[in-house]
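Could you have a look at this structure, given as structure tokens, before my questions?
Labels for the chains are A, B, C and D, by order of writing; each one numbers its residues from 1.
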Amino acid sequence: NREIRDIGELQNRIHPTYSETSRHDLLCLQWPSPPRNILLVRKEEAPDVNAALVEFANHIHATYPSLSLIFEPHVAKELCNAFDFPIFTTGHSQHAPKSALQDKVDLTSTLGGDGTILHASSLFAKVDRVPPILSFSMGTLGFLGEWKFNEHKRAFRELYMSGASAGYGSSLLQAEAQETESKMTKAPQPQNMSSAWGLGVPDKATSAALSETERATSMSPDRAMPSSRPTGWSSIRGKSMGQSRGSRVLLRNRLKVGLFAPDGSRIPSSVSETSSASSALAAGEQQSDVYAMNEVLLHRGRTPHLSIIDIFVGGRFLTEAVADGMIISTPTGSTAYSLSSGGSIVHPLVSSLLLTPICPRSLSFRPLVLPANTPITLRLSKKNRGREIEVSIDGVRRDQGLSVGMEVRVVGEDIKARNNEWIGGVPSVVRGANGGGGGEEGNDHWVGGLNGLLKFNYPFGEG
Amino acid sequence: NREIRDIGELQNRIHPTYSETSRHDLLCLQWPSPPRNILLVRKEEAPDVNAALVEFANHIHATYPSLSLIFEPHVAKELCNAFDFPIFTTGHSQHAPKSALQDKVDLTSTLGGDGTILHASSLFAKVDRVPPILSFSMGTLGFLGEWKFNEHKRAFRELYMSGASAGYGSSLLQAEAQETESKMTKAPQPQNMSSAWGLGVPDKATSAALSETERATSMSPDRAMPSSRPTGWSSIRGKSMGQSRGSRVLLRNRLKVGLFAPDGSRIPSSVSETSSASSALAAGEQQSDVYAMNEVLLHRGRTPHLSIIDIFVGGRFLTEAVADGMIISTPTGSTAYSLSSGGSIVHPLVSSLLLTPICPRSLSFRPLVLPANTPITLRLSKKNRGREIEVSIDGVRRDQGLSVGMEVRVVGEDIKARNNEWIGGVPSVVRGANGGGGGEEGNDHWVGGLNGLLKFNYPFGEG
Amino acid sequence: NREIRDIGELQNRIHPTYSETSRHDLLCLQWPSPPRNILLVRKEEAPDVNAALVEFANHIHATYPSLSLIFEPHVAKELCNAFDFPIFTTGHSQHAPKSALQDKVDLTSTLGGDGTILHASSLFAKVDRVPPILSFSMGTLGFLGEWKFNEHKRAFRELYMSGASAGYGSSLLQAEAQETESKMTKAPQPQNMSSAWGLGVPDKATSAALSETERATSMSPDRAMPSSRPTGWSSIRGKSMGQSRGSRVLLRNRLKVGLFAPDGSRIPSSVSETSSASSALAAGEQQSDVYAMNEVLLHRGRTPHLSIIDIFVGGRFLTEAVADGMIISTPTGSTAYSLSSGGSIVHPLVSSLLLTPICPRSLSFRPLVLPANTPITLRLSKKNRGREIEVSIDGVRRDQGLSVGMEVRVVGEDIKARNNEWIGGVPSVVRGANGGGGGEEGNDHWVGGLNGLLKFNYPFGEG
Amino acid sequence: NREIRDIGELQNRIHPTYSETSRHDLLCLQWPSPPRNILLVRKEEAPDVNAALVEFANHIHATYPSLSLIFEPHVAKELCNAFDFPIFTTGHSQHAPKSALQDKVDLTSTLGGDGTILHASSLFAKVDRVPPILSFSMGTLGFLGEWKFNEHKRAFRELYMSGASAGYGSSLLQAEAQETESKMTKAPQPQNMSSAWGLGVPDKATSAALSETERATSMSPDRAMPSSRPTGWSSIRGKSMGQSRGSRVLLRNRLKVGLFAPDGSRIPSSVSETSSASSALAAGEQQSDVYAMNEVLLHRGRTPHLSIIDIFVGGRFLTEAVADGMIISTPTGSTAYSLSSGGSIVHPLVSSLLLTPICPRSLSFRPLVLPANTPITLRLSKKNRGREIEVSIDGVRRDQGLSVGMEVRVVGEDIKARNNEWIGGVPSVVRGANGGGGGEEGNDHWVGGLNGLLKFNYPFGEG
């Protein structure tokens, strides 16, 4: 019915937990209760992606009727006619309470390539706890753990159900049985969320992991605002899509980036208009750091002359870089711009930052890999010939560049583990690690994909 | 008096503890009781080093009379005439109980360059707990945190006294006072080790950190075999060399390297005769892994043809490398061969392994940085043209190479923290982090040294 | 007397010849008659350079009174008060015939660095026969064969006198004697140019080398417009600065660069306003190719996205480059941007072009070295995400970029040898090859300078 | 009939000429008279190559009965039973005059890969005028211009007939017609070589190009020793394989390599036993330089320590290289070892040498491209730790290495053009440039093949 609603109407977000498993390095995602609000992000200017997006949205609506679908404003406007159910977006209603994506989105799903994932991540560039991202590629699979689009039904089901059954501890098997039972007795009357909560063994784990205020935020709305639609795991379970399993998640460490004036004062982080991140954020938040998933980049831009940048590592002066620019990258970004500039490929689980010069005038300036908790400062040198150089985050250029004396300060995001549960990073639902009791494959999605992506063993001179 | 004795006569080794400090990433070394046995390792074929070695040894003997000096057999033989006190070595006496360096050496000091440190480390290539290494450079300072030789008095005193005073917690200040007091009352009668033990606040920390069997090993000898000489911290303390401080230590992660036959059986790790490591070890131990401080290297050697090596990462096939060779390096080794081969520079505190190809025939094979706990296997491919390629560890070639089907299996050393104390790695006493209450400089020795060593900001075309 | 005059008043330019010598690869410069008009080019925004420039100009005026000094317009205006003799510039007088630098300048001298030489070369970017360039560096010596400023008296004298004596053929010795004689008889009456010409044995060589029209251009004005000042070699010869020698010249090959619209039509080559080249050129010439001394550069500029460029080599499609940009460089430019981007260092006498990608997304795209006469075309691909990418020549960005379908077509400048004399390239007077009969050092200025400039043998880890 | 004969029985070699064409950079091969002796070289240890070799040899014998087939001794022995006609080899008969390959072989054909071509070239490592090489690849095509084996009939016919007809000038068409005619009238009587000579328009060109002594050498035998078999172009022409065309040839520049003792005396160039080159050469020749097609390599070999090599360029000291080794490569070799070591790809028509370090300890030692006529000397430094390092030429290790003070002296082969005809280099019959009047494709085989071979546009992260 071509209806666009404001996300202010939606229930507040549910935070899944990420726990270690004995078998491998990836984490296991568990929903305390079924997710309800999904953000769909698409690649722009790609007609085939639009068709897939509509197909995917219709599938979700049909199979998981209790889920609400959220789109970015311009996408919602463009596609609303394609759906016979209401869709949601931000800033749509003047009447609705001002709500930001980070308060509502339970999980994000992207259709496109690496750039689309970066964009989805940028929508949460100010947020500590990013919703898990499930990404689909229309074409070839990239480095960021994309799934093939034709796997979308299975992939989404797996993520949706993750934690619903006892995937990893036999002690939960009983809770599982009980849950099934209790649902049976309660049917067919509309299931409300509090009943779902009542069953939740995972709930306890979550509670323990969250501070009291966090619990208040994430849980209260559910109790206060009962859903009127039949919803949740029970309705899905019946459908014979095989044993439900836990999704494997890679927490991708981000960079925390702040800009500072020569006098040491912080500069508000308005990013270029091409990013919709800022629009979604309240004014007050502008004063904080911004997170980057790939890298922060300083570059001479259109100035034809070399940039001169002073580099401080761990509070100490390292060197003066004379170069096209400097990259500070995450391990995730090590296969992006940093790789083109001669950086090494760093596994996403190596807790580190990369400092990679672009076309440095010194032949001996080699890429560095530093501990993730090392603070790095890049300051535009007084010797720099131009007035300003450019600053970009994850491929989006800031309107305001770095002028002489200004600094970019960077440190790796602090990923905390509390009682074996993890907070921080961009939780990426990883392909190919889908064996519930299985998981034998460990972090193979990366190793397995590497040769395919890089053609390491492609000798020159032979076909 | 030109006397060489066997280390079997010496008291057993004392294990220091390494604890985290709030201020920076380096660890703080604490001796539970004064060290007694020091191994001195020199660079070979360098006459000026010999002179320095004799000077250093004489200084130690004069200033720390309770310390016994250990040399490698050929050095002991060569230098014994230079001393008027007995020195110690291994395998010298048929009568003495067969003793290995790792049972006796409290600390190692090297005079030479990076290669000398590598050699010293190789003497403990089979040992989990390497004695701390204090290294002096005769010429330019390298990457491994060497001290200038003219700093040897201060540097050694600092290490010797480390933990004797309460360097880092005000709670220890009282114990310090008591210690001084009790020593005063006890003097001038010969101080025995057990009295030193009785004072030891550090003792408790140590005890807690060690398993019962470890305690038995490290502590019993002290109690059983009282030293007849006046010894220990008290005698040194009086000398006015300023406030004693705690030495800063970098635990350098090593690689655990094993060789396996095509049938999966382990191959004994006899290293080339140029290393004396094997000689110092009992036969039974030959079956275990060997530790590498820099890297393990596979190389075509004199075969003029490219090697073909199958690489498995985390148990999965990554690629077939067609190259001169492959390096698996520690972060410490990232500035050695790996750097020459195009690898990135990795900070020693980034827990990781580097997989760097040497002159690969594929243009796209880039160096990889993997989590330290990733098992890596290199197997000589059946496609390899030659019969065998060479295997070297830290610059020492094994007599036996890798033949077709044989494997090198590598994983990062497991550095364990128990109750804020650390075990494993090569404890390197780091220069420039010597401020007792100070230590403000953090891990600067690395950052500060980097530009000096690499001349990052040396632009071409300008002098 | 603070007077600025227009170069239209000056006599037309004299073309030296460049001939091979048996001993080495550099050419030997010979003036058919003494040079008269010298262009002085300085580095901008460098106060110490200004002082040196004034010192140098005053020295020339005092020592070589027949020489006229030409400056760029803004420099003439800024410095005219510093001189008590008239100086010349372009476009200064409405009355003077419209004259371009290339019609008047006999030789150019630069004070500054590599960038100043590039700028001087750009003033002749449309000209086949560039006047010889003698460059002085204020600071460190660069790759382009600069002389130290404190050598300026000797260096200039050498260049000025080059060919005046019989440096290389005994047959000229007599002419030399006659010349001296005839000058003596003629003195003290003002010497006119035609008398100088009459003596000129070199003249014949020149005539032979030049086409009739070229002769007309270069020689007629001299005859038509007798100089009123005493001038030429004779006045200098007396001064005891030692035996005059021939200057050694390296003809630096340039690139010929043309821009073409998608429909194949040529695009006028207006360069950015920062270059004064265009201003000096007549409108009609705009339609021709432009010469580059270092390189032509395509670059994404401020677009944060990768450029996509189709590359054609020798008329055939080579590949689609996905990269920050592409460099087509001369051997001279091989030590500039191309080197920072991973290109090899190519000796200026290797007749070749370099095709070097900047931060390519393909790991296997290696720099190529192609024959100088290979035509290369770079076309912005339809797949490129942005509308336009940037085009720069020798570090100067064109106002108009390359839009989709547009092409940059490049080929190496054709350096022709006629009867052992050479035409084309940027004749660079090279330092350190100053032995008249000597010249034993061959092209050493390059080899000798290389290690100094690149610190090839600067091992990492040692000071 | 399983018969092996000695090449001493064969007529002396015929030298083709190589002339420039207006259309492109490749040369055009012309036989003065039909070739008679073909050397077939195969890859070792490759059964499928053997089958192809037999097929190819039988085809040649059947189609070109006047051709004699030469094999290397061990191949002749192995394969003679496969043929029912006599084959030839070297050193087979004590009675035959001692003959070397270079006196007899008109053309060489290889079956295998790049290594096989290198081996074939090494058989003429002491010879100025290498016979043209036509190479076939069994698998993928390499960089050296191989043809697919299934093209062997057409490719061989083209080479055999090259120059027989007027391929490139209409003025020759008549000669062509006459030739056909005269053959018709002369048939069927056995054609002798002198009649072939009589027809030869190319003959005149050749005669002009050759000195009298050269003519004597190359032509006399033909006249003196008439072939008894029907032979030559006429018999082939009738067969309808289309218009005959001229083969395109790339003259691959080689390196001239000499070894010298510390006292400056030349060291005989016995190469390792794996090369049969030496065996074919008379003792006296051992004193001369050896030619390399790819590169000369110095390498630490099995010594685990870095080599220290002093480098002199153009007679001047450049630098001391501390590295695994040094490569001096031809442009042809730029896609071999040099490329793996970080060198640029240099087009075979760029007259140059590459100096590429292998794993240098200096970060700033970049590959150099020098003029082909620059003499380069590599001397093992006195500082080198080991006694000796290894010397290899084109992948074949010399038995004797380079000891301290010994030198390798290298200079590019001098390729001379006389009256538009070329002498020197390895004449490689190039694929894909087969259009007689055509030839539009220029040197495309290289450009066209490059992307296929290197996958330049293979972006990482996309399939």
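The definition used in the following text is that a residue touches a chain if its C-beta (ideal position, glycine included) is under 8 Å from a C-beta of that chain, and two chains touch if they have at least 3 such contacts.
Because the structure is predicted, anything quoted here is derived from the model rather than measured.
Colleague: Can you tell me which pair among B-C, B-D or C-D shares over half of its residue-numbered contact pairs with A-C?
Modeller: Matching more than half of the contact pairs of A-C: B-D.
Colleague: Report the chain whose mean Cα position is at the greatest distance from that of chain A.
Modeller: D
Colleague: Tell me which of A-B and A-D has more C-beta pairs in contact.
Modeller: A-B
Colleague: Report, in whole Å, the distance between the mean C-alpha point of chain B and the mean C-alpha point of chain D.
Modeller: Computed from C-alpha means, the inter-chain centre distance equals 55 Å.
Colleague: From the mean C-alpha coordinate of chain A to that of chain B, what's the distance rounded to whole Å?
Modeller: Their C-alpha centroids are separated by 42 Å.
Colleague: Taking each chain's centre as the mean position of its Cα atoms, how many Å separate chain A from chain D?
Modeller: Taking the mean C-alpha position of each chain, the two centres sit 59 Å apart.
Colleague: Could you list the positions in chain D whose residues touch two or more of the other chains?
Modeller: 339, 361-364, 366, 454-455, 458, 460-461
Colleague: Note which residues of chain B are touching chain A in the complex, please.
Modeller: 25, 313-316, 318-322, 331, 334, 339, 343-347, 349-352, 354, 361-371, 374, 441-444, 447-448, 450-451, 454-461
Colleague: How about chain B: which of its residues touch chain D in the complex?
Modeller: For this pair, the touching residues of chain B are 301-302, 304-305, 323-324, 337, 339-342, 358-361, 363-364, 390, 392, 395-397, 454-455, 458, 460.
Colleague: Under the stated contact criterion, what part of chain C meets chain B in this complex?
Modeller: For this pair, the touching residues of chain C are 114, 139-143, 335, 339, 362-364, 366, 452-455, 458, 460-463.
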